[in-house]
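Following this line, the structures themselves.
Shared between the two complexes below is chain A, which pairs with chain B and chain C, respectively.
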Partner chain A sequence: MARSLPGFLALIVAVALICCSFAAAASTFQPISESHRSAALETFDRSYGSLEETYEALQTFDVLGVERKPDVGTAACQSVSQTLVSSSSTLKDIFYALKVNGVLKCEVDADSVEGIVSTLQTAVGSASSLLEFYHSIGGLVLVKNQALKDDLYLADAEGVFRSIKALSQSDGRWRYSSSNPESSTYAAGLALEALAGVISLSSSEIDQSLIGTTKNDILKLFERVEKYDDGAVYFDGEESDAHENQGPITSTWSVIRGITSFAAVTSGNLNLPGEKILGLAKFFLGVGIPGDAKDFFNQVDSLACLENNRVAIPLILSLPATVNSLTRKDTLKVKVSTVLGSDAPPLKIKLVRAKDTPAIESQELKFDSANKVHVLDTLEKSVDVGNYIFVFEIVFNDPEHKKAYAVESKTEVPIFLTGAVKVGNAKIAVLDSDLGSIETQNLDFAGENLVSLGANHLQKLKLRFQLTTPLGHPFKPHQAILKLTHESKVEHVFVVGNTGKQFEIVLDFLGLVEKFYYLSGKYEIQLTVGDAVMNSFFRVIGHLDLDLPEAPEKAPRPPVQPADVYSRYGPKAEIAHIFRAPEKRPPQELSLAFLGLTVLPLLGFIIGLLRLGVNLKNFPSAAAPAAFAALFHVGIGAVLLLYVFFWLKLDLFTTLKILGFLGVFLLFVGHRTLSHLASTSSKVKSA
Partner chain B sequence: MAKLAIFFALTLSFLPFLSHSFSPDTPTDRRILVLLDDFSLKSSHSIFFTSLKSRGFDLEFKLADDPKLALQRYGQYLYDGLVLFAPSVERFGGALDVAAVLDFVDSGHDLIVAADTTASDLIKSVATECGVDFDEEPSAMVIDHQNYAVSDVDGDHTLIAADELINSDVILGKTKIEAPVLFKGIAHSLNAANTLALKVLSASPSAYSAHPTAKLSSPPSLTGSAISLVSVVQARNNARIMISGSLDLFSNRYMKSSVQKAGSPSKYEKSGNEQFVTELSKWLFHERGHLKAGNLRHVKVGETNEPAMYRIKDDLEFYVDIYEWSGNSWEPYVADDVQVQFYMMSPYVLKTLSTDKKGLYHTSFKVPDVYGVFQFKVEYQKLGYTSLSLSKQIPVRPFRHNEYERFITTAFPYYGASFTTMAGFFIFSVVYLYNK
Partner chain C sequence: MGRSSTVKETQALFQSLRSAYAATPNNLKIIDVYVGFAVLTAVIQVVYMAVVGSFPFNSFLSGVLSCIGTAVLAVCLRIQVNKDNKEFKDVAPERAFADFILCNLVLHLVIMNFMG
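Then we have the complex of A and B:
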């Protein structure tokens, strides 16, 4: 389990990395190109905080040959001389200041150099941790390389060598300090670089046995290497508490720096297999263009170290284009270059064979010295369209180069050869069940004319066509799909099968009624023929009017089709309330006319009374009864008037109140009046 | 000691104000957890992450199988958004599982899921729970022999130059995305019954989902325009989810790559990926398309105070304020399709509101002649915007007895008849009593 877990993690990393890169997916690696240079300008296009970041930016520009902005140099030089003069600078600051100086070649005065050298010398003497060794020795090496001071030697080189070596572990990794048991690959790289520095600074020869064991350590370190399927190798990063987050890129960078500088100062061979060195190069090329400045620098710096190392210089075989058109008569170009894109030594490229394709025999590519590419131009005569895996081999003109360079013995490259595939003999027909054809129509995929067919459930639809390659062989595309789409957007997809030479599909509607959900009506027929290497087409052939039986009750319902996104939302139709219509009324004139008519009986009554000759002779003549009679009639009039007011404005309560008073009054005066009238009439009778 | 305790208590009580977390007033997310398969993605997809950081998001990167993963602590969510850039993870580390991710979304947080051919069942089940079904077939990819990106090194037409984008300014920004979007990954489909999910980037009719090298023997499960490449889901609680079948879509490499669609003469220096991804993430993290409505009020025409009740056939005016979040402030929302309903069991009145372009929406209408307890309802749903749902209850009464018409001409003959009868009675009473 403990063994399988890292393996599983590595697999995940591998898969993720492969998926992130075109080049890796095609299993071919492209050397650093123009896109890297423009990306470098973007990634490092900002102000640099520390000298370390400045160095990373400058070094990246330097390696890629990108013109840096002039103002960066002056500002950086200023901070370099400040750091070198200041007494409070740490070892790390001095180290990176010297590194920046190495790129920029600032003017540093001799006094500060003396001071720095003595600081560094004491630091080497008193150093206990790996990082102190690394920075101080690295600083001294930089001083020496920049020729700031002549005759610079380390006093006790062998002692320093031994004390660094004491931090190494049996598995090839190194510890940061003797008190800290934690070890890492990253530290191993730093240690190797420091050791290389010690060797170059030593005045006398270092004990060969020490160097021998160090070389052994390097071999052990390489046993820890992780591997991808495409040949890329790397050192897995490890998480440690003190030095956070050293990913595979940083770890691998450190190791590459270490071994290349160690190999540069030691004589003899490191005995590292060339394929591992090539694998490291592949790893960094497979990363693509990192977005992170640190990763970018690590990638570029590692490749720069590999570009010019003494172990083995990796050469990358790349194809500017793996998709070649046979109709355009493209020639297959192969380029061999170093990781940074410089020219390779004179060599020949052989196309050994193509995997699973016996037709292609071994042949040598011609060298086009003007464009510095190797060309295979006899493709279209011998090879048909298709995707192949070509196997290339690199043969050096000078056998000596075989040692100095690391190349893949056999490079497998997937090649797509595209070309125009002819469609012919395309026919569509509706057949009766006894295979007697009713209507056969020729299809013309180039033209726009659509066919219109009709069929019922007892018939069959037959479609056939042929595909031929430019060399006249039958061609089988990856995608040959017939799609029937009903008006209600229910789709049915069929794969058109092929029988040797031709493609044919027969749709027997009798067996398909259930699948078609008994949906009669107009179906659109679409044919899609596509492949990576052909001129694919997607065409509506025409329409089919299908007459299917009525669906039985238990038949499956057609699936719901998604509603149009845009019509799903949007404003709804407005709703206005419809008010109840007022009741119908007769015209006003009519009402008023009838109002007039209601007055007529009263008038008739009055006229009748006048005609009868009514008189008021019976009205009491005496004062008191006359007053009571008058009040009685005024009272009646008031009650009637009260009704009018009740209609006009008064409410029931007020009316009843007033009516109560009036009633009592009326009762009183009415009684007096009526009793007076009764007594007078009885007097008259008795008289 | 006591002072210290008070200090702690104060600090704790201020904590909610100190953290820029998700709140109704500032709907934009702040803290985003990014789960990766591998830290190299941080570098290979740095343009996307940098654009998020530059817009003010706090990104926290973790490995998807980090044993210390947790979305919430003590019942409080630690993040406002989750980015799952870990297609191949079989099991999340720590306390995270599919249910925890869904709870995260259910509580209104946003989610980005990116898959690719290595997509694990875990990632697929997260997508399925969000209403998006990835192609079940392992290692099937979207292939399009018509609309692929022309490339010298990638010949199997799985690198698709997709340009069938959803037509929505709010989701994809006002600037049209001219260049095709590069896509390489797996297909998914949306359930037709799901009205919350939208296809943002769909495949062309000639696309299909299959293994690029294996022979196609049975019909591919997903073909044509039914294939969605990138979808978004806006849940009912306005949580937003983006599901992409391609993780590479977000990568620096695709963003910087030049693109030429097969059969098209125009070659673009840069693919549309960066614009697409940036604009979509702005929408996703609620920097756009988030609406706020409030101050729903209504008055009777000619009055200023809001009545407690309306009478039938009253004329009323209705107002509501709607604002849109622009990423840092609330801006007036301008649209001509906001509607109000006067609702009792069903809408009696449905009117489109007019706006003064300063966020105030207004209309006026007559109260229907039906009495009962009504509601003013504003239910606004628009493609890409968060949905609004507001309502306010208001009773409507019938006419009072004295509010009807008083003197009806039609009734005048009846009145005339009674009054003439009364006059006749008066005359008759006089005549009857005193005639001799």
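Then we have the complex of A and C:
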């Protein structure tokens, strides 16, 4: 098993590459699923700082149908009542408090409602920036929708409409205020939502020309849209110094909110192409599960807006499984649903064709109403194993639905059809060049029998087999490899060639002698056949006793096989150091004897001095010269002592330092003594 | 006849040398004894090396050169101190002795360093 590891790994890599390459070509989107719900619980499982964060979490839970913790609701309601009562709350706080109230439906007393409404009405009247309009009008719309106050209308709705419209730009984007030239797509979304709010709050009808120009602005805005290859469509954010950088997710969310709320309050069409709406849905579905709480909320809220909107409701075609086994008689299931996973209106799915495969005809899928999936079960009779790209088309039962829903005209889906491939007609033989086949053995891949063959370097080895698909056609796998392994673990790999109908390989040992490093002995034969759509296998077929001639002098050596993969991390061989043999020293007694001998001349010197009558008569008797003389001798003695210490312990620099001091002293003293002696002897001479 | 005369002559030679030597001043004799002591020490060291081999060669060198060096310096002192020597008449014997001491000290510093 371990020996076939490289082959197995190569197979896995090949399969992964095939899957990846198909993913880039045509990918499928999946609607919101259970994994989103559990991810939501994780992402929003923390304490919320502001009302905005609280609202985002609550709205996400509400849309996904996730149960929230009870204490979260009560704490949020408390915060809502506090904000609505307090007179120092900002417009933004009031706005988000009302939003939270919309989800939680807390108890709000009538007095605070009156106070809020008057604050908001005043704010609308005095608003100058886009955000002020947005928060105040949004608050009033929320009050109206939550039925907290009856008969709520905007005074001078048309004037407010015009003031908001005045901040628009010709390219469809909106500015935040008249003084600041910065504009963004995010602001455009806010503005559209605010304009929709104004329309819903006006007591009389707004001038149709204003609404018409706003619809033109929306169309202009949609010209700025960016596209991905898989059909996803989004709005790129703008870099901004004054406001937070709005990335693509936030900007696209804002626009979706804007257009869906605008379409909800206006009659007539927005004239937006269905593919763009579908593209926006694909963008958010393609995000997967976002890690950031804000991105998560934006994704879920956008999909909730798209789920039920008056422009076009996007429908997603998805497959629960793209790999189906023909041997197990799997049926191909296709599902069409809204972005949040709700049911689609009655429709039919047609398999139009399979790309590059003319054999598959156009057919309609049967609808299984119990599981709400469309099923294609005629596959195993007509389609063989392999990779295909199926092209599906959606046809509505009611042609009116075509205007209300946005679907892709032709959806391309990569499909893997796998099956059990049979190996048949397998033969292995040793061929002699003169006599033809010496022994042919039939191979049975199902059983456990191993063949045993013998050959020398003048013969050839021939292996032949056929691969058949479940439908009986010849099959060409991605890999068909033959490996011969020597007892010393030296391996040789060969690719088995395909001649259309069958696989055949002939190993001519005469030409391979040098490649085999002249190694004779027992070789293990192993065959590996692999592909993504078949039951890949590698089997030891048997053994071959190969007799090769002797290796000549200059033949290449086989590469050293590691005995154990980890042996290079083990301890290395011991190194024996060879030291220089120490010099022969004399016995200690001899050395001591000669030490004694050396002292003898010194004794002889002293005796000689005595015999000569050495005396100290010339030693000065007066005090000062005597002192100097004594110091002179002491000085010399000190220097000699220093030399002894130098030999025993000190280093040269220390010695030189001390010698410097002593030398100076000695010079001085010596000079005094010797000059005194010189003067006394000259006195004696002259006297 | 010749042999005994040679012996007598050598004996007479030694006698005259001895008596002449006895006339040398005492300080010169002290220096001679010192020189003899130094040379004898050097000879003993050489004999030792001949016996055991010259393994720490630097030690042997330093020992021998110390003796020889001090002997040489003593000879120089003797030359300078000798009153009969006309060349060094103006050099005071004390000055020569100071030179001798100084040179000895320097020599022994070097020897101590070299001995190791």
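Keep in mind that, in the parts below, the second predicted complex is superposed on the first by the 425 of 687 C-alpha atoms of A that agree within 3 Å, B and C clash if a C-alpha of one lies under 4 Å from a C-alpha of the other, contacts with A are read in each partner's own complex, and residues count from 1 in each chain.
Operating definition for what follows: a residue touches a chain if its C-beta (ideal position, glycine included) is under 8 Å from a C-beta of that chain, and two chains touch if they have at least 3 such contacts.
Fair warning: this is a prediction, and the values are worked out from it, not measured in the lab.
Just to be sure I read the superposition right, which of the two partners does A:491 touch: chain B = first, chain C = second, or both, or neither?
first
In the superposed arrangement, which partner chain does A:633 touch: chain B (first), chain C (second), both, or neither?
Once the two structures are laid over each other on A, A:633 reaches chain B alone.
Examine A:310 and indicate which partner it touches, taking first as chain B and second as chain C; both and neither are also allowed.
neither
After the superposition on A, what does A:675 contact: first (chain B), second (chain C), both or neither?
In the superposed model, A:675 contacts chain C only, not chain B.
Taking the superposition as given, does A:473 touch the first partner, chain B, the second, chain C, both, or neither?
A:473 sits against neither chain B nor chain C.
Looking at the overlay, does A:248 come into contact with chain B only (first), chain C only (second), both, or neither?
A:248 contacts chain B only, not chain C.
With the two structures laid over each other on chain A, which partner does A:323 touch: chain B (first), chain C (second), both, or neither?
first
Report for A:614: first if it touches chain B alone, second if chain C alone, otherwise both or neither.
After superposition on chain A, A:614 lies in contact with both partners, chain B and chain C.
Which partner chains sit in contact with A:387 here, chain B, chain C, both or neither? Use first/second/both/neither.
Touch partner of A:387: chain B, not chain C.
For the overlaid complexes, name the partner, chain B or chain C, with more touching residues on chain A.
B
Which parts of chain A are touched by chain B and by chain C alike?
585-586, 591, 594, 597-598, 601-602, 605, 609, 614, 636, 640, 643, 647, 677
Flag every residue of chain A that touches chain C in the complex, lowest number first.
My answer: residues 583-586, 590-591, 594, 597-598, 600-602, 604-605, 608-609, 612-614, 636, 639-640, 643, 646-647, 652, 655, 659, 663, 670-671, 674-675, 677-678.
Which bits of chain B are touching chain A when the two form their complex?
Chain B reaches chain A through residues 37-47, 49-50, 88, 116-118, 143-146, 151-157, 159, 166-167, 190, 192-193, 195, 198-199, 205-206, 208, 210, 212, 215-220, 223-224, 226, 247-248, 251-253, 256, 313, 337, 339, 341-342, 347-352, 365-366, 368-370, 381-383, 408-413, 415-431, 433-436.
Could you pull out which chain C residues touch chain A in their complex?
Going by the criterion above, the answer is residues 26, 29-30, 33-34, 36-38, 40-41, 44-45, 47-48, 51-53, 55, 92, 94-95, 97-98, 101, 105, 108-109, 112-113, 115.
Which residues of chain A touch chain B in their complex?
Listed in rising order, the residues of chain A that touch chain B are 12-13, 15-17, 19-23, 25-26, 28, 30, 35, 39, 245, 247-249, 287-292, 295, 319-323, 387, 414-416, 418, 478-481, 483, 491, 493-495, 526, 528, 530-534, 536-538, 559-563, 565-566, 568-577, 579-580, 585-586, 588, 591-592, 594-599, 601-602, 605-606, 609, 614-619, 629, 633, 636-637, 640, 643-644, 647, 673, 677.
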